[in-house]
Structures are given as structure tokens and as C-alpha cells.
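Structures given as C-alpha cells follow.
Two complexes follow with subunit A in common, the first pairing it with subunit B and the second with subunit C.
Entry: the complex of A and B
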């Protein structure tokens, strides 16, 4: 069993809703509502779910880019939430983020060289020569050529920009990277190039990923274990094979069946979820899926199910089991 | 099958004082009555602008430089590109409708849903207020919107993406058009909502006898909804076939590359299949085949001469030097 690098316990991130003349806080958006998981060293842990389920907020809360409301995050033995601002800055060298949209996450006024030097200047005291070496090393690793160093982001295609974003995240040689939908904005043929690159880098630099995505095929390919999120809560988690071979929660089942099939001759049977995700401002008292679930029972309306261990590492939150 | 729409040798140019690019090059395809036709390709391959040209929605610096688009309208066969402004306006929303990619931005934020649905009716039909409201209400119920009466008086920001896309579909279909152009209708939506919308479109196509042009980059969506498909690459149609033939008897190396890239996902034992390189930049087209640089099966002739789109089997067209007219591998 490999070592646990990141442990999240009962993480909650609420955003206040302000209204009225005095901007009084009238309610809270329960973006992340008490989730726990562990990420093993050099493995990939995926968070999947639809938009608004809190997966990106979770990713950002772990890095304290968004300040969580409560909970405990342990990274490499340290309690991340107890660190002061300076200590946190020091720590960020080891925990980095890859953003979703490579079109808006790179400063258009900086050349590639400047973009890549920035994290080095923030975290290390290096001479220009050392920085140059480091930049050339990372350019080679992510598959960009050295003569592109003086170019600006707009001169690159989406796939290349995402390579630059990845280079920026791993140039400080972190142990842990949160990848927030790194391939969603890219075309299919480019997507696979970037996924291969991420897998390669993981092996070579011994990285640990939290991979956030709504694309189940991508998640299946890249991750070792998966947590399915719905309305700020984890409804099912386990090893990737367990989740994809034997989905237990009705939401996971519907999510898997909604992926279009790749073969026009094989039409699959769909479970179509009715309606939309309820508002996270006043989440329902019972099971969050109650109104959309085919198998809903009376107890689902009253009682919110907790995560239960099914077998081994497979856990699900549903009254059916 | 009778054709509803015939796109003939359309070329679209981007032309400014110091820039000239050919974005679509000699594109032709036919769409039958009640057919669902898929156009698939990566960003920048010209699929969206081809669709926009059908409704004369291109604006400067984009311009159709040659070709014709014949449409079988209520008044007989017309060339859409030769119509005057007021003539094409009579067709838009009435006989040809369009659904756009982002329902969140396609609706006007300062009008209620009712006003936006009724707008189309006001222009095309001669109805009184009560009749129009009833039609709008009826349509909302058909696209599966709960509490339709209340929703009529609500504004777009009060509704979710999936609901707005249903409303877009309601607006597009309210005049019972013969042709519905859907430009990436589910790309901005979540998978579970995408499944709902695709199901709805399939149902409505049956009950309204509408032909659909489905533009997408997702081969899965094509497999679920279309009967016939054209694959675009770099402004050209590289393969056109019935959906089953395209997936099971793939001819063009680009199509098979795309399919491989999609289906190899999930199999952890192997590295993901990738098509090397990138799409050639517009304006700097190679002399030979546009896919030659990225193709694993390229031979000498591919570099020198551009292949034509030829019929390799009945109903299966391909633009590749690997095939000749009779369909044998060379």
C-alpha cells in the first residue's frame, strides 16, 4: 500500500449570499458540503460530476485558493489550513494547479520565457543561468521547442497553450498537482496528446494528481480512484474499475448511461434523469437526488444517506444498500 | 430520396485588406427530406460557417465566394444565396431555423421567454395575441418544460442551461420549419442534460417531419442522432457516408484517426492514440492533400496532388489517394 499524500476530512466551503441595503448575509451556498477523501502518492484521484456540483471548488479549497469554511486538509503530514500566509506560499511550491481554459489563464503580455520564469522567481532564489536551464528543461519535457521561448501566448494553438500551462505548474517540481478540467477546452485529437503528456509526466516526475473532469471516458482512462460528486457531496467513491464496472448509486448509473455510445448500431438503454440539479443555497433535507431518482423511496425524502462501505474500498451514499 | 437542401460547391473566404484565407473550399452535400445529417470536425474546420452560410448569416469579413445552395421551399426550389434580404427573412425561423451553441448567450436577457417565442410568430404568422400565447404555451409543453405558464413570464437568467436550450428548440420549431440547423446544441451542457436534449430532438424530428443538420465535434452525438454524416477537415469534406458505414467501414485515415482517438480512451493498458501534428493554418494550404503531414498512410502522390472527393462505394464518398472510383485499395 502506498503512502497517503493528501487527506481531506469533512471539508466544507460555503459562500455567503448577500442581499438588502446593508448587504446582510441571508443565506449560504453550500458549494462543498462535508467531503472526505484520501489521495495516495503517485496516484491519480478523479473528481467527477456535473457543473455546479462543487468539484472545482473542492480542488481550489485544497490549495487554499478559495478559503474553506471548515474541515481538515493534511498534505505530506502538515495541516494546510493552519499554515500562515507565508508558510502557505512556501508550500504552494509543492502543490500546484493546472487551469481549465488555456486561453484565459496565460497573461497575453508575457512571453513564454517570462511566464515560465515567474514561478521560479516566486519560489526560489535562482541566478538567471539556473533559471534558463530550468526553463529549457521544462520546455523539452512538455514537448515545446526552444525557439518558441520569445513568443506570446496568442501565437500558440490551444493544445500548445495547455502545454505552457502545464509547464508553469510543474516547473517548481511540485509533488501534488490539481488539474482542473485540463482537456475540456480542447479538440479530441489534441485531448489525447495532452492526456498522454500528463501520464508521462506523472511517471517521470512522480507526481500525484487530483484530476477534476466531467468527462467520464477521460476519467476512466487516467485515474486510479474516483469520487462522484453531486450537489457538494460525494455520492460514490472507490477504485476506478469498481465504479465503472459496478456503479451502485443511481446517479452514477445515470451519469454513465448518459455518455453517448461510440457505435451507431449499438443503442444503449438510457437512464434519463428528469429535471435539473436543485439549488445549493437551500439543499433539500433528504437525499439530494430524491426528486430526480427513479428508485426513490419514502425514506429518501426525509433522511440524507451517508457514505457506506459496500465492499473493500467501494463506498456509496444511498438508502438502497 | 428527394432532396430538401442541395449545397453545391460552396467556398467561403475571409477577406480583409491584408488578409485572405479560404475557410471552406468547394463544399457540397445534399440533405434529404426528414433526414438527420451530421457534420463533424474539429474547431476551425469550417463546419459552423458552412451552416451559417445556408441562412445567409455570414458577415464581414466572411463571404461566400462561389457556389449555390438550393432549398425546396414552400414556393418551390430557390437558391438561398441569390435571395434578397427581405426574401431570406421570410424563410429564417419559418422554414429554416437554427439552434446555437450557447443557450445562455443566445437569448436576449431583457425580454421574457414569452416575448421571445412570440417574436417569431408575429413576424411569420397572422395571429391574434391569445392565439400566439396559446401556441407558445403548447410548444413549451411539447419540449418538456415544467410549470410552462409561469416560465412564460420569466427571464433567461432565471433558468438553467438545459431549460434554456429547450426554449431555444421551442423557438426554432414553433413555425414547423422544414430544416433545423443545430450548431453544437449540447456542447455547453452536462452529459445528463445532453442525453435529455438529444432524446427530445429525436422525438420532435419524428413528430414534425423536420430535417436536421447536426453540427458537432463529438462522434458520440453523431452516432446517437444522425443517419448520414460528413466529416470536415481543414475546410473540405473528406468523407461522407451513412452513419453505420462511417463507423464500421471507415475509409479516410483522418476519420479512422478520430475514431481511434475516441474509442481507445478507457483502455488503460495502452497509451492513448493520437493523430500527430496539427491542422494546417488557413491561408497556407499545402499543394497536395491537406492531411498528408499527419497521415500514417501517406505516399508520394499525396504531397504533390490534392485528391478529389470520389464515390468509393454506393453512397460512400472519400477524399483520399488510397481509393479509386471502383473502391479498391490501390
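Entry: the complex of A and C
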């Protein structure tokens, strides 16, 4: 078994809700509510879930772009949350973020060359020549040509822009990359190109990914293990095949039943969840899925189930098991 | 450079823009060439030709001291433009610093800066300018300082609002995630993206500053005699207005021309560069320049 690179323990990120004249904190949005997982070196760990379930917040909390409320994040042996601001800035060289929307994540006033040189200028003391070499190397790696260096982001297509933003994230040669829905803003035909690029880069540069997505087909294609999130909590996690072949939590089953089948003639039973996601400001005491779940029992109303190991690496949080 | 030429080309497509652009060019040329254009020295008195009407010798006539009104109007233009540009420069620099600090750091710093700006804003601008000049003493430098201070809150507000809007863009998060220091994020990512509304604000403030200067000089607390200023010329000629109307008409026409032309220029500039910025810099313009 390979080495664990990132370990998240009981991570919580709450956002204060302020109201009234004096901006008093009246409540908290429980965006990420006590989640734990481990990411092995050179593997891809996927976080899936519907909009607003806290997957992006989790990704950003690991990188401390959003300060988590509590918990422990170990990266390569260091406790990330104990680092000072300056130490954290240095650490960012090794942990990077790829954004969802390549239309807003690149400064419109900087040329590609400047965008790519910026991480190098920030973290390394390099001569212009060394920097030029690095920039050309990364341009080649992400499949862009050198004559595009002096162009501005708006002169590129969506796919090309995402290549630029990937290049910008990995030019400092990080070990760990959080990819926050890197393909969901792109056309399907471009999606596969970018996914394959990410897989190639992972092999070549020995990267470890946390891959955030709501597209289950994409997740199945790219990840080694998966965690399914619902209302700020992990409801099921395990190896990708375990989750896709044998989903145990009713929420995971419902999610998977929503994936369009490759064969349009094949009849499939859709599990449709009733109602809405409860508000993360005041999460219910029992299981968050209680009101929507077909298999809900009395205990679900009172007790919030904890993650239980089913077999080997497969864990799920449900009273059924 | 290319974009500047592009904006000018766009600007002169519209008749209003054309008037504004050509007018501003004329103003700049008149001010630069004032010593060549003006036939006489501004303080030279032709005592035998007091209060004579417009003629081929004195295009705009002479005043009660026998000074050539045409020369004084031309030099007054130079003074106005200088006061305008320098005072707007003062306001813009302080506005940029305060606005960026308030918008970027928010919280307490923001509150302190913005409440102070609110205090400055609460006074009618001419009253505040007169107050500052009466404390510092009337002179051309103090007039510029006063007009600069009066205009600072407007710039601070514009800049702060733009900074807050740009700050929420994902490329700022991206800069943070790369590990940039706040100083570099501000200089490299925020300021370049707020320059457009800032430039437009500066153009519009220029005509306001010229107007304030004229009002202050008219009240005797701006440019001091014998230096020519349209405001002080109007003031001095009040007594002779009925018998020698040219003393009032020409400075007033020039003043009107300057004010209008710069306003046209500013407004059209705002219209022209608005959509372009939207295409590359997000929805900043939707909020502030509707």
C-alpha cells in the first residue's frame, strides 16, 4: 500500500450568519461538518455530491484558502493548520488548486507568459532564462504552442484556458493538487481531453489529486477512491469500484440511478428523492436524509449515523447496516 | 497603446465624442501654446486704452486697468487646466490609496477610512474648499490642495467599490492559492483591473475641479490677482458689466466651452470603454456605470 500524503481528520468549516444592525453572529452555516479522509500518494481521491453539499469548501479548506473552523489536516507530515501565514504561503508551492471556471480564474490583464511566470517568481529565485525554460516546458506539457505566450486569456477557447490554468497550478511542481470541478464548465468533447491531460500529468509528475465533481462518469474514469458528500458530511466512501458496483447508502444509490445509461433501450429504475436538502444553517438532529429517504426508520429521526466499516475499505453512514 | 488608439477611434465615431475629443485637443494646444498665442503680457497695462471694446488691436477688448482680455482669457485657460489636472491628481492618488486599502482589507480599517470620507462628503464641496483655503491661506498651491481634498472621497468610493467587486473574482483566489503576498495581489492583480473606471472618474472630476476653481476665484479665495483666472476676471468685471459686457462674456464663453467639452469627453469615454471592460474584466461596469 502506498504512502498517505494528505490526511484530513474531523474537518469543520462553519460560516457565520450575521444579521441585525450590529452584525451579530446569529447562526452558522455548517458547510463542512466533521469529515475525515486519507489520500494516498499518486492517487486520485474524488469528492462527489450535489451543489451546495460542501465539496468545494472542503477542497478550499484543505488548502486554507478558506480557514477551517476546526480539525486537523496533515500534509506530508506537517500539520497544515498550525503553519503561520508566511509558512503557509511557502507551502502553497506544493499544494495547488485548479479552478472550475477558466473564464474567471485567469487575470484578463496578464499575458500567458506573465501568468505562468508568476508562481515561479513567487517561490523560486530564478534567472529569466531558467524561467523561460520552465514556461516552455510546461506549455509543451499541457499542449499549448510557444507562439501563444504573448496572448491574453480572452484570445483562447475554454479548453485552452483550462490548460493555461492547469499549467499555472503545476508549474511550481506541486505534490498535491485540488481540482475543483476542472471540467464541468467545458464542452463534453473538451472534457475528455482535459481529463486525459490530468491523468498524463499525474503519471509523469507523480501528482496526487483531490478531484471534486458532480459528474459520476468522470469520477469513475479518473479516481481511485471516492467519498460521497451530503450536507457537509461524508455518507459513503471507499474504492471507486466498490462504490460504483455496490453502493450501500440510499443517497449514493439515488445518485447512481440518476446517471444516464449508455444503452438507451435498457430500462433502469430511477430512485427519486422527495423534497429538498435541509438547510445547512440548522441541520437536523438525526440523519440528514431522513425526510427524503425511502428506507427511513424511526432511529433515523433521532440518531445521526456515523461512518461504519462494511468490508475492507468500504465505509457508509446508514442505520440499515 | 493599441487599445488607446482603438478607444479614440471608437470615440470619434459618435458626434458627441468627436466634439469632446477635438475640444479636449484644442484645450491642450491652447494651454501649451498660450505664450505664443497671447499677443500681450497678462499684466501689461495700456492705461490710455482702458475699457475699450473688442477691436483688431484687442480681440476681446481691455479691462479697467487697460489689460488685454484676450491674453488674460488664454492664460486663464492655462491656469484652469493646471489647477484641474494637479488637484485631480492629488484626489486620484489619495483616493486610490485609501480606496484600495479600505476595499481590500475591509473590517475596521475600511470603517475608519469610509467614515472619515463620509464626513468630507457631508460638506458642500465649495464650502469645504473655502474652509480649507481660509485655513491654509489663499494661493494657487493651496487652491489645488483644497480642490484635491474635496474630490478625494469620490475617488475613494469609486476605487473601493471597484476593488470589492474585483476581489471576488476567481483570479484573486487563484493568486492567493499560488501564494502571493497581499501587496503583490494588489499591485499585479487588483489595480490593473480597476484602472478603467478610475480613468473615467478622473476625466469627469476634471471639469468639476475647473468649476470649483472658478467659483473660488470668483469669491476671491482662489487664484490671487494679478494672475489671470476666469473666476477672478468675472469678479473684477462685475462693476463694469453693464457698460463693458465683453469683460464678462468672453471668460464665461470659454468657461462654458471647457466645461462642456470635458464633460462630453468623459461621458463618451465612459460609454466607449464600458463594454470592452465588461468583456475582459467581469461585471464591474454593470454595477457602477449603468
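Keep this in mind: the second predicted complex is superposed on the first by the 321 of 321 C-alpha atoms of A that agree within 3 Å, B and C clash if a C-alpha of one lies under 4 Å from a C-alpha of the other, contacts with A are read in each partner's own complex, and residues count from 1 in each chain.
Keep this in mind: a contact is a pair of C-beta atoms (placed from the backbone, for glycine too) under 8 Å apart; a residue touches a chain by one contact, two chains touch by 3 or more.
Given the structure is predicted, the values throughout are model-derived calculations rather than measurements.
Annotation: superposed three-chain arrangement on subunit A; subunit B versus subunit C shows no clash, the two fitting side by side.
When the shared chain is aligned, subunit B comes close enough to touch A:189, but subunit C does not. Between subunit B and subunit C, B touches the greater number of residues of subunit A.
The superposition of the two structures on chain A yields an angle of 80 degrees at the Cα centre of subunit A, opening toward subunit B and subunit C, reported in steps of 10. Residue contacts after overlaying the shared chain place A:276 against subunit B, while subunit C stays out of touching range.
In the superposed pair of complexes, A:108 makes contact with subunit C only, with no contact to subunit B.
When the shared chain is aligned, no partner comes close enough to touch A:21: not subunit B, not subunit C. Superposition on chain A places subunit B within reach of subunit C only down to 12 Å, the least C-alpha distance between them.
Across the complex, subunit C meets subunit A through its residues 169-171, 173-181, 184, 188-189, 192-193, 279-282.
Within the complex, the subunit B residues that touch subunit A are 42-43, 146, 160-163, 190-196, 198-199, 217-224, 226, 243-244, 247-248, 257-259, 261-268, 271-275, 278.
Residues of subunit A touching subunit C in their complex: 63, 65, 89-93, 96-97, 99, 101, 104-110, 118-119, 122-123, 152, 154, 165, 168, 172.
Remark: subunit A residues 50-51, 157-159, 187-193, 195-196, 199, 214, 216-218, 220-221, 254-255, 257-265, 267, 270, 272-273, 275-277 touch subunit B in the complex.
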